[in-house]
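Here come two complexes built around chain A, the first alongside chain B, the second alongside chain C.
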Partner chain A sequence: MAKYGGWAGKVLRVDLSTGRMSTDDTVEQYKDYLGGTGIGYKVIWDEVQAGTKPFDPENKIVFGVGPLAGTGAPCNGRTAITTLWPTCWPRPLVASGHMGGHFAAELKYAGYDAIIIEGKADHPVWLSVMDGRTEIKDARQLWGQGIRRSTIEINQQMGPEATVAAIGQAGENLVPMSVVMNSYSHSAGGVGGVMGSKNLKAIGVRGTGSVRIAGNKEEWEKAIKLHLSLLGANNQNVVPNSPQPWAEHYNAGSRWMASAGRRWGASDPNIDTGACEPHNLNRIAYRTNNAAFFLGDKAWQYTVRGNGCTACPIRCHTMLKVPAVAAKYGIPEVGQNTCVGLLFGKAFFKTFPDGPRGQTAIEACMVGMHLADDLGIWENYGQLQRDFQALYYNGIFGRKVAEKEFKSYSWDKYEEGDPTFLFELLPKIANKQGELATALGLGTGYLLERWGIPEQEWLENHELLYWKFGHPKHHSNEDAGQCGVIINTQYNRDAQCHSHSNFTRNGLPLEVQKRLAVELWGAPDAVDGVADFTPMNVYKAKMAKWSLLRKELHDCLSLCNWMGPWVASPLRERDYRGEDSIESLLYSLATGDRKSRQELDQVAERIFLLHRALTIRDMGTKEMRTKHDTIPHWVFADPKDRAAFSKGTIRMDRDDIKLAMDMYYEEMAWDKQTGSPTRETYRRLGLETVADELAKRGLLT
Partner chain B sequence: MEQEPKICTNILKIIHARSESGQLVRVEEILAELKEQGFLESEDVEQKAHLETTLKQVLKENRDLKAISGKNGIPYYYSAQSLSETYAGILVRKSENPLWLIAEVVRENSQLYPRPVPVDSFLEPPFGLTREEIAECLTTMREQREYQDIARTITSVGTPFLYSTQHLDPDHAFTLAEWLDVGQVNNP
Partner chain C sequence: MSGEYQKHQVLEKALNFTNSSHSLSRREFLIMTGGIIVAVSALEARGAKEPPLIIVDQAEGLVIADATQCVGCRRCELACTEFNDGKASPTMARIKIGRNLNFGPKGPYAGLRAQGNWGNGLIIQDLCKQCPHPVPCANACPNDAIVVSPSTGARVVDPNKCTGCKMCQRACPWEMMSFDSDTNKATKCFLCEGNPKCVEACPSGALSYVAWRDLTDKVPPRVVPTAVVSPEKAQTCIDCHKK
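The block that comes next holds the complex of A and B.
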């Protein structure tokens, strides 16, 4: 191990049934899988039998981080949590949730690259991991407490520097729609119930060690400075939101919100975000204000600052201080989150008395964050709230829930956009109180099944954004045409892939994007303008493959795929190029295991292939094209019945998408007929034993 | 003439300083500043002609310095170290004619990215127009032939955007405006 840097060197294994703890050598056992989801898939493949259910003690949950976690590489704060997924319908399959915050770095400093949790404790426990010393502690006094209080109590025992990843009441009660959360706002959805099923309330980690960098220190510093110079704002938006003196381009849809006169109004003294010229690396943290992006100009007056993960200067969790909510709702004035976490409360409501960007909408966000981030409820990329609206306004709640229960909710408040409604609903979801809340907590697929609603209705409704297996789309055709569609067919939950959308949304002119596409994927035709899509071509398939592998690579290295990849930049002198080799450069220097971009992408391909193999094994079929890689009907419809490829529509064409899938399978060297990888592909990527196992089960093409 | 190198240096400083504060500068303004600094005795035609020659020399020797002209042909100067051509173009149009400013910004965005422009973005710096000025411009545009390509589309939440029909058709413009205003927030 000593020859490598980057990795801490050990994987911690804790069997909660027996209390036995052991360690594995990371490099010996998992180097070919890097870390993060790589370790997760490997453990599930090797150690969890097909047919295991998410809440069975035999299921395992893997908290995996990568060789770049805890280094100085930007955006290295991601922890991948891999397990059998409780909301994956109609059968659970492998998936991973991802949390930022400080857990990943702290785990490395404590001496571990991953924690594998096995079995089930006979009473509530929490795990203390402190500089290589691990203890299973009694959590009976914490059981029933929210995430905040649990975090505080564990911090009191371990010290303020410890990072605590805890579940709330939702996870304890085995609500499938539940999260684990660290650092108060950084959550991984879907896995709270799996922890709850093991009677595991929390994991506290504290380390005083460091991560060794194997390579030349000057080269390492240079690589980090290069990486920092390529950063844009949140989601790698590389142009500002409004014209800036230095900027050649701007985009009203950019999250790079900083501008002279736009001030963090709730900081004391308040701070002018200013022009944020891209070469001034000390101003990166001022660029993004997700509250202002999502909630409008009013959010500036409530902005304290940006918060975020280890070594990430983007600070996408905008901290808000809204004094009115203390008196009105009895909740703290301060809250923070990003994207769907920020919008958790607001998204339940169709209307607000003062409009979608008024004071009430902001207050709904504050109430939502306060409740959901303490109870530990997951929103499934907004599907919970979209389902809720559809179920209410289509009268389904009224039909499926007993009259007395239905009437117990203040629907008048709900329709008026009164945030106090959330106090009625969210604790009930977390505590499985009543039919309505219990069903919502199951996730879309199991809810539809429980209430006898055909999935078809959800598959046809574009507004619901539902994709398959109980989960929504996540950056599909609306962002990147056929490439987005392909990506959304590949996972067992929402795809969580940003490699493609962070490119198409970067804000640069289409002509510049096409120029970069030539270098990245071989032709300008890989990318189209928004709602101006062209028929499928092989370069789009190459972009889809690249996007998926880069996402998987980030999830294994602990880099943030919500921020990357970094193949475009704000730098005019680079013609807005980023650096397609930044991951391999950082990996090689950190670990000392020199790998080119192509070689590292091949490792990512191996890991992604293992995910595919696990899915095939646990579905018990090799007919992936027809049984797994499915596409909802709304993708092929248009509200004005415009033809696919006409300007203004995101509608896709069925035959063209068949061709897209053909081309994608060819790029992956998978069988086109079944969508399953071939033996040759498994062999080429070093997974022949996996192929053997599938062959034994009759699942190899 | 022994002051010539100093004048060159000061011209450079004036242009750089203005650019750093986000402004363009005209010959008259350079002349006035040099006079204040004691380099010129008057602003007569001869002095101005001489200054223009010197300025040309300074521009030639300093590749970051750029000239940009408005509709009336008057040149403005700036340093590309601090100001982009895009920003300089906005400042020129703003100083000359808000109607032209709005139309050209809308046309550029519709062609280049392509995307429509939120009407309210013209309230913000560097445009800095008032709501009344914007409304007046849009009314006038409807009556003038040279602006007939500037059209309006309104998103599902009521936000107005402008686009140029030279580069975007109405359906596409609406979809793009909806994407900017609603779609990206609902698909984070």
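The block that comes next holds the complex of A and C.
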């Protein structure tokens, strides 16, 4: 029996140039990096030279999962895909995309913790991974097909249980704004084109094996039940969004939508979501309805059910059945997704004839999901749609695109909010047809460069929510003040961190949050009321560090950072406390490698540090503070010119944010001047050889 | 378990059955009494030559499912094997969701009639029916390794007798026999001694543990069974049913 549970034990390596396949021992080679992005960063650091471009055969893609993937630990469905990022502007740097669905679990059951894709096939291929038997298959008959048709075809070959991660036409055509997608609606943005550049249409995975739990099974059962008891709704919102008989608090911003009378109206027969009292663990799946959260009450009548990833009881993907769209648009009645994926089609339009929460908006969502999730187009956390609106309404399309092409679009339909407009636009993006669509497919940074638009304009525009490097903010100052700002400076794409916002937006009253903050970060001042921010203090920096490390930890263990961490709960008898050690408890029991919360956070810090080192190496500078950790101007402005720290504004103060960065670098034990980690920090976290390598390049502070 | 004790149990069950308000049809009565005779005579004969085991008593409960409430998270499959066997292994789970999850029971050739995540959304949960007599998996077992659980009446695999031949897998019309590739033994739903882990684990309340009811003529089979019943067992069928 293997020494450790949790891990499948092997990492599969496939060189598409030569057809050579091999395996690495996960524990021997990657245990210090856990899995997921940890394996991803390690592979890119060790094996991909600085200066490599995303679509070069020398770039590698790492599909990584962790020791908890495929187990019953709640919310373990995410696969981290790490590679050099094609929309990272002005130079590609390392980043990761994360897809939910059933791929992560199936990969583990097939015997692998990760797949490393290298090289480039000389013709379109797909990869079949069946219980340790891997074959490179001819994909010429699939090339040119959408994700749905490709998936079904591969399932016909591999069997209905296989999970297929496929690219659509966008990825094939090397559109940087493209996804890989599995389980119908679960995508990872940015990597579709990288797969396309390798002539890799899809990876089909089927496993009949198991993931061993090293610890005592009764203890494991207890740990799972504890974790389940702490869950809220999506984004770990722990109070309902309307008054409930059992609830002390409610918050209208909560994603805990269930209530008596709110029904899954397209289920046959209907299902009433009911009160969903938090101790009733057989009702967790009814708490969340993200279609109703994002699209309004009308979405209830179209709700078939919640859907989502392996082992996750939250079901943040909502399945909708909208019969009208079949006749009206010639698309299937059923569609599903969550958050920006759900809003893909709707978000292009400024207005709809029946308002933002009417029938047409829902139909635009259905058309958008139908097209984008088949063509495999990425929305870059809504930046694509925000850019589109700005470029159109500011007349930039009209100026940058030839008149004939510009007029070929039905702009009258667009302005009226007619979803049929999407049939004109989206296939063109995926197929790089025309200047307008091709530019949109590049991502914001490269689009602005191509059209000679200064990035400055985007950095100043509050409505665009653009942050840097071609990517938008992701839960920044609007959710967590300085903590959110710090987090948004750290990655090479949108930050994708929810550790902080899942706390500040959990719906609990501020005094309860402050009570919890004392235990978590040392003082109540770590958290403020949203849009009622106070000046920086060291506890906010501690919270920022904790948030980033937990995000990275989740991406390596395969826990969902869109749900975790679980430091608050809906349980009144616990004074709404969650459990800060749930990750280490699950990790220790699953693997048998006992690690305390602090020890596991330290592993996460090592992994996060490697991401930093990779960024420094590939940027070729150690001046991270000024060249990487940048903050857009809109953060320091207010549309009504309210002063920073006045109630109602999310505006930040420049000097205060300077202090925030100082405090953050101090918490990380990085050099304050440059924002670069010191040799001592690399050494402390077991990355001295990384420091040596950076020193050789003159990149060590 | 001693032969005497077993004999007592069989008669006890028969008495309970005949004392219940359930009115027996002629056919049921014949099967019932025939079964008892087979079982009792089989027990009498123990010691000389091991007589074939024929299960006649019914399970006390079974797990039923509402497909409209299933959200496809597979927590039931995971609870089944993690909490009972210490490993996450949907293939080995005694409740089966994964095979219907994507396209429904008709699979990826179902086209417009597809169910599951790629179709109309309906997820069919496949569960053991705890079949009444004749119990296909038990009858197909050449080692009489599928026996009746004393606590729930569930049909369960006795791992000491199972040789891993997989004949039972070929006997179940609903493909509900599982296999543990680590122990090389068959396994099946044993109702967790009356507190099924899958039911407890379902986050949408789609599963229920209820008093046994006969679903064998209500749920369409997935496959045509191809297992062969041994001549010895077949003979007991003849012995009983010709009466």
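The definition used in the following text is that the second predicted complex is superposed on the first by the 700 of 701 C-alpha atoms of A that agree within 3 Å, B and C clash if a C-alpha of one lies under 4 Å from a C-alpha of the other, contacts with A are read in each partner's own complex, and residues count from 1 in each chain.
Convention: a residue touches a chain if its C-beta (ideal position, glycine included) is under 8 Å from a C-beta of that chain, and two chains touch if they have at least 3 such contacts.
This structure is a prediction, so every number in the text was calculated from the model and none was measured.
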Looking at the superposed three-chain arrangement on chain A, would you call chain B and chain C a clash or a fit? fit
Using the superposition on chain A described above, determine whether A:510 touches chain B (first), chain C (second), both, or neither. first
Does chain B (first) or chain C (second) touch A:210, or do both, or does neither? second
May I ask you to name which of chain B and chain C touches more residues of chain A? C
Contacts for A:532 in the overlay, against chain B (first) and chain C (second): which applies, first, second, both or neither? first
Report for A:197: first if it touches chain B alone, second if chain C alone, otherwise both or neither. neither
For A:496 in the superposed arrangement: first (chain B), second (chain C), both or neither? neither
Does chain B (first) or chain C (second) touch A:488, or do both, or does neither? neither
Can you work out, in whole Å, how close the C-alpha atoms of chain B and chain C get once everything is superposed? 19
Which parts of chain A are in contact with chain B and also with chain C? none
The answer for chain B against chain A in the complex is residues 19, 22, 82-87, 90, 112-115, 117-118, 121, 124-127, 157, 169, 171-176, 179-180, 183-188
Chain B partner, complex, touching residues on chain A are 242-253, 259-261, 293-294, 339-340, 343, 356, 382, 465, 475, 478-479, 505, 507, 509-511, 529-532, 572, 640, 642, 646-650
Touching residues of chain C toward chain A in the complex: what are they? 68-75, 78-79, 81-92, 98-103, 107-109, 117-121, 181-182, 200-205
Quick one: which bits of chain A touch chain C in the complex? Just the residue numbers, please. 5, 70-72, 102, 105, 108-109, 148, 151-152, 155-156, 159-161, 183-184, 207-213, 217, 220-221, 224, 228, 267-269, 271, 281-286, 304-313, 315, 319, 321, 334, 336
